[in-house]
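The same chain A turns up in both complexes below, where it pairs with chain B and then with chain C.
Entry: the complex of A and B
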């Protein structure tokens, strides 16, 4: 069977859990920005948790099914419609051949994940079907989906309709959102006052946020500790001798607008980084709408590890609920 | 009176470019395929189509202002 893309939405792309292992070569892991939502969508339709889904940001696509299937839509809150009739999110839905999936206006969050029983079966690249457009890897010929595409779907024994992720196990984005940050190696480049302001002030998500990075505005520019630039570093006070970036790392070019690197991150460069958003909060970044107010909260490594364990426990509760 | 909603969240613009006039002025004829503004998100400018026909009755959302999906952008009589 195939999924016929009638309308693509906005930068709707095939994503799975990504291609770890190539970041040292400059190829990011990629994959779903909200990994928990992708896993939950797959569990609902009886797939492996890491099967390929469609990730759609802000605007839902329109898709026609050529054969019966079970589908589920997780992540952002966006009315799900099959032939115009509304269905709940985070729930397994049976669709018949010829039916059309479409969406209403986004209500909360930013990205939906559409899983179909059998999983999307486009050819993997470097072990993943995730779309990385800059490297032309994965997806449909390395790009986002377009109107007219017919996406192959794998075989499935099918899954019962009606199963649902309990509401208390769906993670909502708080407003203002709180992103926990582990301060990093280069934080000494800014003054203590600038550090206090960065963590004390409210920032807003800038509209240009995408899969590579999410930019923030609204806080005060950072003041740097005076220095003579080391050999190999640029002359801007925010420059360093080129270093590695991690997923979640926060760079602030010229000290003005912080950028949190996300799943399609660049692997290194010459900007200092304040620290990194902890792995437990990365999914949440994928659900931030433009202009959402955000606070960055400094935390310790112990807190970061405890939060990661808590996220793992939350995933286990979803597995048990759907097992 | 018909309302034109924003299909997605982002920043709404009345003009195709900063040095150009707005897409529509009060009283202009509106056809369903006409663009009435742009919403910027993820480094992309999405054209907002009127989807209705009539006479343009004014912008509701300010130029360069943040909008949510479903917010009313403009009205058509």
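Entry: the complex of A and C
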């Protein structure tokens, strides 16, 4: 069977859990920005957790099914419609050949994940179907989906309809959102006062938010510790000799607007970073809408690991609920 | 050099060998990242050497971050004592300097440049003390360059010239990054050259273009059939200035699948290079004569 893309939405791409192992060549891991939502969508339709789904940001696509299947939509809150009739999110839905999936307006969050039983079966590149448009890898010929695409779907034994992820296991973004950060990397480049302000002030998600990273505005510019620029770094106080970037790391070019690097980020560059958002909160970044108020909360490694264990436990509860 | 260890969140260890760029720092970064790879530590998912630093990505569910950090630290002494010698390859990369495509692009983004009155090469020549662009171009391809990092985007090499620090060519990046850079532009920012592997945004000054693809996700280019990325850290590059005619001829050969770059295997010994820079460089470049 295939998924016929009638309307592509705004930024809809094929994603799975990404292609680790090539970062040293400038090829990022990629994959779903909200990994838990992608795993849950796959579990609902009886797929491997890492099967390829559609990730759609802000506006849902319109899709026609050429054969019966089980589908599920997770992640952001966006009314799910099959031939115009509304269905719940985070729930397995049976669709028939010829039926059309469409969406209402986004109500909360930013990205939905659409899983179909069997998984999207476009050709993998470097071990993943995730779309990385800069490097023309994965997806449909290395790009996002377009109207007229027919996406192949793998075979499936089928999955029962009606199963649902319990509401308490669906993570909602709080308002203001809280992103926990492990300070480190090049944070010594800014003054203690700048550091205290960065973590004390409220920031807003800027409209420049995509799979590479999310920019923030609204806080005070950061003051740097004076220095003689190290050879090769560049003259701006925010410059370093180009190095690797960590996933989730927060760079602040010229000390003005922080950018949190996400799954399709550049693998390195010449800006200092003040630490990285902890792994437990990376999914949440994928669900931030522009203008959302955000607080960056400094935490210890111990807290980061406890939060990570909590996320893993939540995933296990979803697995058990759908097992 | 003072090695600094820090965590990048709960999944990365970042090791800065030195704040400033030097071949010594690069060699320590490369040998330490090689040592981490050789140690086959459970839980390590990515090892990424950079110019004067490197990063190890790991799964904290498999290995605790503190344990990861101490395993890497334990390799430092060993790496510092390792011979700074490398069996590598020197590659001749044809460059069409002052080409029409980067020229069109730099004119389009002139208001983002430090000196809107001239070209990127005019500016680079002036601030590096050369009379004109030709003098700067001659210095650019006179000595070979080391690939000290691959990254930013798919397969993009950062290169560091094998000359004394006082002879290093240095230029700032654009005041504001461009939203467009032609594919295969030879660029320069700080003390680093680069080749833009794909078309896209960029902040480096633009000096020319190579007709030789260095990244091919479809793996159709003859010399990229085995792997889609051409460069790896430790490669040595010799730029070869070419004319428009040569550019077009190579481009046609690439399309026909008959182009193969000139490559020779070489030994690079950092101590020997420090002792005799000109002589070591001459020997490296001579290796290409037989390629």
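Everything below uses one rule, namely that the second predicted complex is superposed on the first by the 323 of 323 C-alpha atoms of A that agree within 3 Å, B and C clash if a C-alpha of one lies under 4 Å from a C-alpha of the other, contacts with A are read in each partner's own complex, and residues count from 1 in each chain.
Just so it is clear, a residue touches a chain if its C-beta (ideal position, glycine included) is under 8 Å from a C-beta of that chain, and two chains touch if they have at least 3 such contacts.
What you see is a predicted model; the values in this text were computed from it and never measured.
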Ask   = Put the two structures on top of each other at chain A: do chain B and chain C fit, or clash?
value = fit
Query = Does the superposition put A:278 against chain B (first), chain C (second), both, or neither?
reply = second
Query = So, A:232: does it touch chain B (first), chain C (second), both, or neither?
reply = second
Query = A:6 contacts which: chain B (first), chain C (second), both, neither?
reply = neither
Query = Is A:184 contacted by the first partner chain B, the second partner chain C, both or neither?
reply = second
Task = Considering only the touch criterion stated at the top, classify A:208 as touching first (chain B), second (chain C), both, or neither.
result = first
Message = Of the two partners chain B and chain C, which one touches more residues belonging to chain A?
response = C
Ask   = What is the contact status of A:291 with respect to chain B (first) and chain C (second): first, second, both, or neither?
value = first
Query = Of the partners chain B and chain C, which touch A:82 in the superposed model: first, second, both, neither?
reply = neither
Note = Least Cα-Cα separation in the three-chain superposition, chain B to chain C, whole Å, stands at 11
Task = In the complex, go through chain A and note every residue touching chain B.
result = 10-11, 57-59, 105-107, 110, 207-210, 289-291
Request  = Within their complex, state which residues of chain C touch chain A.
outcome  = 6-12, 14, 16, 18-22, 45-55, 57, 60-61, 64-66, 149-156, 158, 160, 165, 168, 172-173, 189-192, 197-198, 200, 215, 217-218, 229, 232-233
Residues of chain A touching chain C in the complex = 20-21, 23-27, 125, 134-137, 142, 182, 184-185, 230-235, 239-249, 266-270, 273, 275-279, 301, 304-305, 308, 312
Key: Footprint of chain A on chain B - complex, ascending   = 5-11, 40-44, 46, 66, 68-70
